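This is the structure, below, for whatever I ask next.
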Amino acid sequence: MADLGLYVFAAALLFGIGVYGLIVARHLMRKLFAINIMGNAIFILMVTAARPLDGAPDPVPQALVLTGIVIAVSATAFALALMVRLHRETGQVSLSADNESGGDDG
Amino acid sequence: MMALLLDGLIVLALVSLAVQAISGRSLFRGIIHFVVFGLTMALAWARIGAPDLAMAEAAIGAGLTGALMMVAYRRLVAQGDNHSPRAPAQKSRLAIPIAVGSGLLVGVIGLGALLADNPPGEAGLIVLETLPEYGLGNAITGVLLLFRGLDTLLEIAVLLTALLAARALAGTGDSSATARTQHPETPLVGALLAVVIPLTILVAVHLLRAGTHETGGAFQAGAVLAAAGVLLVLSGRVSRTDTAGPLVRLGILAGLSAFILIGLMPLLYGEALLTLPGMWSIYLIETAMMVSIAAALILLFADAGGLKRDRRG
Amino acid sequence: MTAEALSLIVFLPLLAACVIVAAPGLSALSVRLGLIPLPLLLLAPTLEVLDQGTYRMALAGHNSPLGIEWALDPLSLLMLWLNTGITILVSLHASYGFPPASEAGRRFWPLWLILFASMNALVLSADLFNLYVTLELVTLAAIGLITVEGKPLALRAGMRYLLLALLASLLYLLGVGLLYGQTGTLDLYLIAERIEISWLPVTALSLMIVGLLIKSAIFPLHAWLPAAHGNAPGPVSAILSAVVVKVSVYMIWRLWFWTAADWDLEAVALLLGLLGGAAILYGSLAALVQVRLKMIIAYSTVAQLGYLLLVFPLAGNLAFKAAVYQMLSHGLAKAAMFLAAANILHAIGTDRLRRLAGIDQRMPLDVFALALAGVSIMGLPPSGGFLAKWLFLEAAWEQQAWGWLVLVAFGGLLAAAYLFRVLAVVCLHPRRRLGQRSRRRSPTPASWAALLLAIGAILAGFFSAPVLDLITAGLPPGLGSR
Amino acid sequence: MMDVALPAVAVFLLLNLVAGMLRVYRGPTLADRMLAALLFSTTTVAILLLMAEWMAMPALRHVALLFVMLASILSLAFVGLPRDADEEDT
């Protein structure tokens, strides 16, 4: 098995990059990249936070991460559909526009 | 020494790909970088010693997420999104401090957890201990289906919900979504399909079967199957329809409903909810889940309510 | 019996959702089958809890260090009743806006039933990771419902909600991973026994709580709520405000009072209380300046959620009862308000306040429901909201926490201010003309659904004894004595 | 001997990957990027197979198999993309 410390380091960097992207990026798809990258960082930490058994990572966190990956892709798929529809309705692919409380037909 | 170099290179690639995906100039390149990031992530999982995760990440995290992103990008372009390639970044002076701070926090937490002198996870030990009783070789499949089945059941429900919610979005509003591009029949694509499709199905079934004793499982197999479906959609062999035919509906629901019905069965003879009655039920549920995952992902990709075979195919 | 009933409470609505997708022709029937039996199914668990106190079941026959367990105690039982009762009444309303047999209904009902089932599953679960999965299911189904009509404002609100919710889940998930690494289990009661307090578990707990605070829209992490709740279809707004945001507060309570029962975290408790106080003030003031009825109600939710956090600094028997009671009565009242607002919006075509003058003559039932629910939100006797706030005042008085006492009282005044503003416009302008806007009428049962919920919120003030007894029976460890 | 040689080859292949990344970055045409991305999957398959041998983890061969399947599909997905959107950036 690899030196896990290095991967924890990677996770920290990736999480920071994801946070930066989430704040800075305008385009919704980039925000989704950012969230997925943060998710990967957290998945790494979940596996490394548990002590390995028999030289391999603990199977329980691995199973949790597997579930997490499927949930992440489901949420991403829905977010993409939402983004496409939002663009079709408003011509925008970012959330920067305001006046959310306006609108007559609520 | 070489191992360290290898890990270092993987980490370096991960970080630079992440930076590129987020801050690169063009969105299209961002998607490519994100996909390659996912592939590199799979290498990282392999190095960490988690081949199941490597496979899931490659198939679902990189492959299908990437395909979904590309098709969404294509729809944006078709809808006339012309500022996306150069979307300017928001200016925020706080962004860098917050990012550095949260990265540091996560690093400290991660190192703290790595270095903490914990006993090995008791749940994990129980898995390794009791798994042979069930005749399963893959601990992760065991956790997903035998020991923590509810998580898996609800996870399929999450996928179904995402599909239903996305369909609801496409179903309202105008009909521009139904306009499709023509697919000219090209000889190379036809030849490729003739080889690839049977192979994919073979690989999917192999992965599914392998899931009980070694790396693999319903999710990975479903992703491979979905990839085959995506290929058929892209090449125009299968075309989208607005409503699902009975077969497609069955496919979408097979996983969740089979899991629920089999999970409720033990209540009839006084056992605990979701106790799986035998190996046959594991195979049945896994197959149904594979079909559902594939169906849901293909429909999400095609932005379609249903699918039908094109006459040419 | 109980095991069977609890299994069906979760799986019956899910199966009904499957049937609607599989056979749209059966949708009216399966909506009924997925909802109406639920109160009956709840009887067995209720008797069990009244009799035994707590009921635990290990799913798949694997109990806790590894397997997932469901734990039914008085608090989760109350949450099940809250969810079931409100969902069924709101469904009555929704069956007019989204007829099950229609195209819109076929999009709406599967998500609705999944949302219902997932909240039941969440309330029952005693497993940190399973809670994560159920919470994701709740969130995705909820956002799917917000955007189901495809209106631009709702789409944007849903997108913002989704991004924040994903971020929140990641924080929660990181905490779960850390706690598993520390304890080798995911059972939230077992973790409480095993954990040794150090910086790592405290960090994990904080991450999870921050994630859940985002999901429950506690000030200053509330930014997504008003737009999402104010622009969703009427029944969806009702269920979002009444139950969906509550389940993540419920999770915070579970983590705080059960998993971290023995930790001494007074500073964090004070901080959470201050956030709650800020939410009360900010939400109420923001509600005062809104121009749309649904936005007023949505900001009112931000304010009323703040009360639920006062239980942390005032930790004790009385405060806990007050917070649970606030959760129940606010659920009823807020669902009633949103349904009434949906009826008004449907009939008038807008919910801008200045165009609602004089509708009390045309829509007496809805305005009455709005007013009754308002009584409970303001905390006027004899409503359930009054009782909750009274208990808060009593708790603050007993601990001589004058600051909190003033805050609770002042919050009630502010609520009165923003609600009377609404009622004044609606009832006291007889001279304004309604003009051509009186096109549509809401079906009477839709109004009755709102009225029934509002009456429930009032009755909660009268028939409080059994509920309070139940809460007392289910007080968290350590709080019972104080 | 093999313990050094196998990771060394893997490192070499990874360096190849980095070179390919440069091509994705610089383009200039869509086809260049697509070919580079294809190179990724091929190289990754090789790395995974090396790792399977070196880390004594035969399961990684399954992962490699899956990579092969996905590569062909991703490449087709690339082909289906519109031309007008991205060619202006060189």
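Read from first to last, the chains carry the letters A, B, C and D; within each, the first residue is number 1.
The criterion applied here is as follows: contacts are C-beta pairs under 8 Å (C-beta built on N, C-alpha and C of every residue); 3 or more make two chains touch, one makes a residue touch a chain.
Because the structure is predicted, anything quoted here is derived from the model rather than measured.
Asker: What chains, if any, are shared contacts of chain A and chain B?
Answerer: C
Asker: Could you tell me between which two chains the number of C-beta pairs in contact is largest?
Answerer: A-B
Asker: Between chain B and chain D, what is the separation of their C-alpha centroids in Å?
Answerer: From the centre of chain B to the centre of chain D is 19 Å.
Asker: Could you put a whole-Å number on the gap between the CA centroids of chain A and chain D?
Answerer: The separation of the two C-alpha centroids amounts to 23 Å.
Asker: Rounded to the nearest whole Å, what is the centre-to-centre distance of chain A and chain C, using the mean of the C-alpha atoms as each centre?
Answerer: 26
Asker: Go ahead and note the Å separation of the Cα centroids belonging to chain C and chain D.
Answerer: Chain centres of chain C and chain D, defined by C-alpha means, are spaced 48 Å apart.
Asker: Mind pulling the residue numbers of chain C that touch at least two other chains?
Answerer: 66, 129, 133, 136, 140, 143-144, 147, 150, 155, 174, 177-178, 180-182, 184, 186
Asker: Can you list the residues of chain D that touch 2 or more other chains?
Answerer: 55
Asker: Can you list the chain B residues in contact with two or more other chains?
Answerer: Residues 3, 47, 49, 52, 73, 106, 109, 113, 118-121, 123-125, 127, 143, 148, 151, 155, 158, 161-162, 165, 169, 173 of chain B each touch two or more of the other chains.
Asker: Pairs of chains that touch, anyone?
Answerer: Between chains, contact exists in these pairs: A-B, A-C, B-C, B-D.
Asker: Write out the stretch or stretches of chain C touching chain B in their complex.
Answerer: On the chain C side, the touching residues are 3-4, 7, 11, 14-15, 18, 21-22, 57-62, 65-68, 103, 107-108, 110-111, 114, 117-118, 121, 125, 127, 129-130, 133-134, 136-137, 140-141, 143-145, 147-150, 155, 174, 177-178, 180-186, 199-200, 203-204.
Asker: Which residues of chain A touch chain C once you look at their complex with the stated criterion?
Answerer: 22, 28, 31, 35, 38-39, 42, 45-47, 49-51, 60-61, 64, 67-68, 71, 74-75, 78-79, 82-83, 85-86, 89-90, 95, 97, 100-106
Asker: Which part of chain C faces chain A closely enough to touch in the complex?
Answerer: 66, 129, 133, 136, 140, 143-144, 147, 150-153, 155-160, 162-163, 166-167, 170, 173-174, 176-178, 180-182, 184, 186, 226-227, 230-231, 290-292, 294-295, 345, 349-352
Asker: Give the list of chain B residues in touch with chain C in this complex.
Answerer: 106, 109, 112-113, 116, 118-127, 143, 146-151, 154-155, 157-158, 160-162, 164-165, 167-169, 171-173, 249-250, 252-253, 256-257, 260, 263-264, 267, 271-276
Asker: Applying the document's contact rule, which stretches of chain B touch chain A when the two form their complex?
Answerer: 3-4, 7-8, 11, 14-15, 18-19, 21-23, 27, 30-31, 34, 37, 41, 44, 47-50, 52-53, 56-57, 60-61, 64-65, 68-69, 72-73, 75-76, 79-81, 83-84, 87-90, 92, 94-96, 98-100, 102-104, 106-107, 109-111, 113-114, 118-121, 123-125, 127-128, 139-140, 142-144, 148, 151-152, 155, 158-159, 161-163, 165-166, 169-170, 173-174, 176-177, 217, 219, 293, 297, 300, 303
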